[in-house]
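Chain naming follows the written order as A, B and C, and within any one chain the residues start at number 1.
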Amino acid sequence: MFSDYSLSELGAIFAMQGFAGLILFSVFVLMALGLAIIFGQMGVINMAHGEFMILGAYVTYLVSNAFAAYMPALFGAYFFVAMVLAFCASGLLGMAVEWAIIRHLYKRPLDTLLATWGLSLMLQQAFRSLFGAREVGVTIPDWMMGSMAVTDMIEVPINGIFVMVLALGISAAIYVMMYRSGWGRQVRAVTQNRVMAGAVGINTERTDRMTFGIGCGVAGVAGAAFTMIGSTGPTSGQAYIVDTFLVVVFGGAASLLGTIASAFSISQAQSILEFFLSGSMAKVITLLVVVGILMLRPQGLFAMKLRK
Amino acid sequence: MTRTSFLKRDEAVGLAILALIIFVVFPVMLDDFRLNLFGKYLTYAFVAIGLVLCWGAGGILSLGQGVFFGLGGYCMAMFLKLEASTPEATAIQSTPGIPDFMDWNQITALPVWWQPFDSFALTLAAILVVPAAFAFVIGFAMFRRRVSGVYFAIITQAIAAIVTILIIGQQGYTGGVNGITDLRTLMGWDIRPDGAKTALYFVNGVLLFVCLLVAMAIRKSKFGRVLVAMRDAEDRVRFSGYDVASFKIFIFCVGAMMASVGGAMFTLQVGFMSPTIVGIVPSIEMVIFCAVGGRHSLMGAVYGALLVNWAKTTFSESFPDLWLFGLGALFIAVVMAFPNGLAGLYDDYVKPRLPMRRTAPATQPQPAE
Amino acid sequence: MADKKTFPINPLSRRAILAGGAALGATLFLPKGLRAQDFPTDQVNTTGLAVTDDTVQVGILHSISGTMSISETGSVQAEKLAIEQINAQGGVLGRKIETIQEDGASDWPTFAEKARKLLVNDKVASVMGCWTSASRKAVLPVFEQYNGMLYYPTFYEGLEESPNVIYTGQEATQQIIAGLDWVAREKGAKSFYLLGSDYIWPRTSNKIARKHIEDKLGGKVLGEEYYPLGHTQFNSVINKIRLKKPDVIYAIVVGGSNVAFYKQLKAAGIDMTEEAPLLLTISVTEDEIRGIGGENIEGAYACMKYFQSLENENNREFVAAFKEMWGDDMVIGDVTQAAYLGPWLWKAAVEKAGSFDVDKVREASPGIELASAPEGYVKIHENHHLWSKTRVGHAKADGQYEVVFETGDLVEPDPFPEGYQ
């Protein structure tokens, strides 16, 4: 298939395809980080993760409308406000959900799965009642929708760079929080031994609530960012859920580094396959390989060394 | 516990009541249309019974039961489709004698793996063997490596996603997103008229009871008790010298076969099979049927499937908006307030008031991990 | 296919036709002479349908929950509008239409179940409904078994011709060929990249498109591929498109994937307002653009039979009435308009037959003309599809299409096209 093209064209295409893979990687990281915190650290399966993302997307939609109506001059910058608000909205809702539902179910992880699935249905219906069944169009500031021409052939989408920077930033922030802060030490302590953590004076309930809230908040930010590349509708969140869980499980549930490594390998595999095959088959093969590896190595790529 | 007979008295009474409801009350009370609907609901009860064995008894939560339901359904649909695609009925196609959707996709000969479905006997065998084999492969890979609980749930869910994408993507062989439609006769017997649907309802009911009795037998056997022990303390069972993985694989295969039988009956009664019945959402809904009925109760599973589906039809007819809120709230309520579902409510509130000879006070089973 | 010639647009004659159509519409529907007592119930309803001396029941069967509700809401609204207008004019054979609405919940078995309920329990005289091919395939055996009549509004892949369905949308050849001819003739397009969501309509449509491009236009298909429904990452295919440099990207992406596809296309620097590559779609109506955002699809061409911006008296009235009933911010796409035709076509057939009996309605249907249609003039073909014009629209930033081409003649529906299978 390449014989018709000059070397420089091929080089450009491979550069851009590599970049496409990196964008997919960033998307996966953004999707999975929030879940990795919640699932990895707390062992809670949050099936409503996609809905928390879509909540962030709807917040972005509202903020963009508010800016367009009241301060059109600042429209180019609304996205940053939207991301902060999306974080707060999803995070607060997450804390409320933790208080109302999740905290009663810590000993029954499979039941959190059912309860959060129920929650996701209710959220979907709430979105539908509030915003209508149709998808909403989120207007993205012009400066974010263009592309940069690096050479004649290579064009780099700006929203792709934005998603990458965001993924990098959030990963770094979470790393600092988890491994370089007192709060992170508390979270890890609770993960490893809840009773002992409580005994040494850590408020485990508050830690759980904060962890869940931050996980959901990160999902909200991801949702806000995805308005640039995807759709915002009541059921859009469901599209993300399988990919997200696979990334987290494939990475090894308790390891943030594993999540990032697995996001990287899955995204590169899918992006390369997509280039050579039709999209549907690329997806099936990627999923099959992931499931196959998981069957051989169920603990994922990076497993926490824990006796079970 | 002393074992005097296969069934304890209250179990026998429970079965009799269920039989009365399925074979007498519904056919008498409901018109043909509603009876056919309830027949459809009952096909989900097969899955729910299988789930009670896997999840309630074995502690294995599969979020991919829709795959097995679909495998059974597709096997039956392939047989019926071949029967409907006689060269005479498909004369306008460029290749007469093959299913219409194959012709639309430029397939000119029946694929090899479709050919066994010309025979009814092989189809019946496939309905039992194919899902069991598939479940065995999944179970063997996972349980041997001690994958369990949440991981197993998520991997089975991914498998449901893969199978759905595959079926949709290979539309020349599977009918794609439309599924296999326009099924007419079963060995020359027209399955579409109301009379046929009623007959199928009774066949369905009988098969359901067969599954129920098989499931009860498994639960009561020594095997069943090992299973429960495994759910509660897997390591202790392992240290006692039992091969935990084999037990899990076996029960997972049994659950898959039951789901598959349900799927085949679904195809017969609804008249088509499509990938929407295989995917993630229906698979999770099947778990909720089981949870609502009571994850430990085989008969509860039947009532759960009936109740949830009936409520879905009724409420979605009158309040489509409220329905999703209701269903979501039901999930949450069942998990938080009634972890043992209908059966738990019965045990807590109804049973103590019954003027029946009390058996030893049943210890409340704890919700499974 | 060769005899379905399309002519460059002649504004004068078009206006003349439209004016004539409007006049014809006035004569067809304004007289309120039909009184129920002239048509005794036992004569107009011999098969036990839900028809009384002053009412007749009609079913509406669409998804109002689940993923498809996004698309089907517009159809429900259009059907209700048409029914309200018919009732305001005195109903059908002097009987007011009462609607029974059922929710298919985006789930095909539910569609079949509800279709059965409408036909068996409610005994409705006809059903307006379904959207996806899968839902239509699911209800089809039910309609054939209980002899119901379904008015199906969506443009679809063809390969079907049921005596129990009137297809008010276009089948694939009607929709596709005129558009391809137009880009080849007007834009000099030679090479095409076909792309779609992975299910039967895009696949069949692309099959027809490929045949037409290769055999009739002498063009080249540089690539053809499909993505699962709901797919949101299109960067790889965009790179492939960049590499192959087609003149035309022929896209049949549907649902939420649409939004992702067009946003990513724009972000990747493929500017559709420039000449090459130009983008031709048959799946993006004004409805979808609301989700995509007009600024993200500006410059694309769409090929279908109706656009909200059509300039004619019928359409102006229709758009005004639709907005008055459902709100000023509503947009109307191709399928919504086709759904609007359903109740009118049924009314015309019933009144021609002088009976609600499904068999008589079926017999009366071929040849029914509707000059008051917002799209202009349509006529039911022997094969239960509609003769209709095909138009090409050019997407503007405000989310509307500007009509840049319209076939001179009505295009004949051909659900089983010779040489395209």
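Basically, a residue touches a chain if its C-beta (ideal position, glycine included) is under 8 Å from a C-beta of that chain, and two chains touch if they have at least 3 such contacts.
What you see is a predicted model, and the numbers here were worked out from it, not measured in a lab.
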- Message: Need the graph distance between chain A and chain B over the touch network, please.
- Response: 1
- Query: Counting C-beta pairs in contact, does B-C beat A-C or the other way around?
  - Reply: A-C
- Centroid spacing, where centroids are CA-atom means, of chain A and chain B in whole angstrom: 33
- Query: So, what's the distance in Å between the C-alpha centres of chain C and chain B?
  - Reply: 38
- Using CA atom averages as chain centres, what separation in Å is found between chain A and chain C? 37
- Note on the structure: chain A touches at least 2 other chains through residues 128, 238, 280, 283
- So chain C residues touching two or more other chains come to 64-65, 198, 226, 228
- Scan chain B for residues touching two or more other chains and write them down. 165, 168-169, 321, 324
- chain B contact footprint on chain C (complex, rising order): 64-65, 102-103, 105, 107-110, 112-113, 116-117, 120-121, 132-134, 137-138, 140-142, 145, 159, 198-200, 203-204, 207, 226, 228-229, 416, 421
- Query: Which chain A residues qualify as touching chain B in the complex?
  - Reply: 43, 45, 47, 101, 104-105, 108-115, 117-126, 128-129, 238, 241-242, 245-246, 249, 253, 280-281, 283-284, 287-288, 290-291, 294-296, 298, 308
- Message: Can you tell me which positions in chain B touch chain A when the two form their complex?
- Response: 55, 61, 63, 138, 141-142, 145-147, 149-151, 153-155, 157-159, 161-162, 165-166, 168-169, 280-281, 284, 287-288, 291, 321, 324-325, 327-332, 334-336, 339, 367-369
- Provide the residue numbers of chain C that touch chain A in the complex, in ascending order. 64-67, 69-70, 73, 198, 225-228, 230-233, 235-240, 242-243, 256-260, 263-264, 266-269, 287, 289-296
- Message: Under the stated contact criterion, what part of chain A meets chain C in this complex?
- Response: 5, 9, 13, 16-17, 19-20, 23-24, 27, 128, 132-140, 145-147, 149, 155, 157-160, 226, 228-233, 235-236, 238-239, 270-271, 274-275, 278-280, 282-283
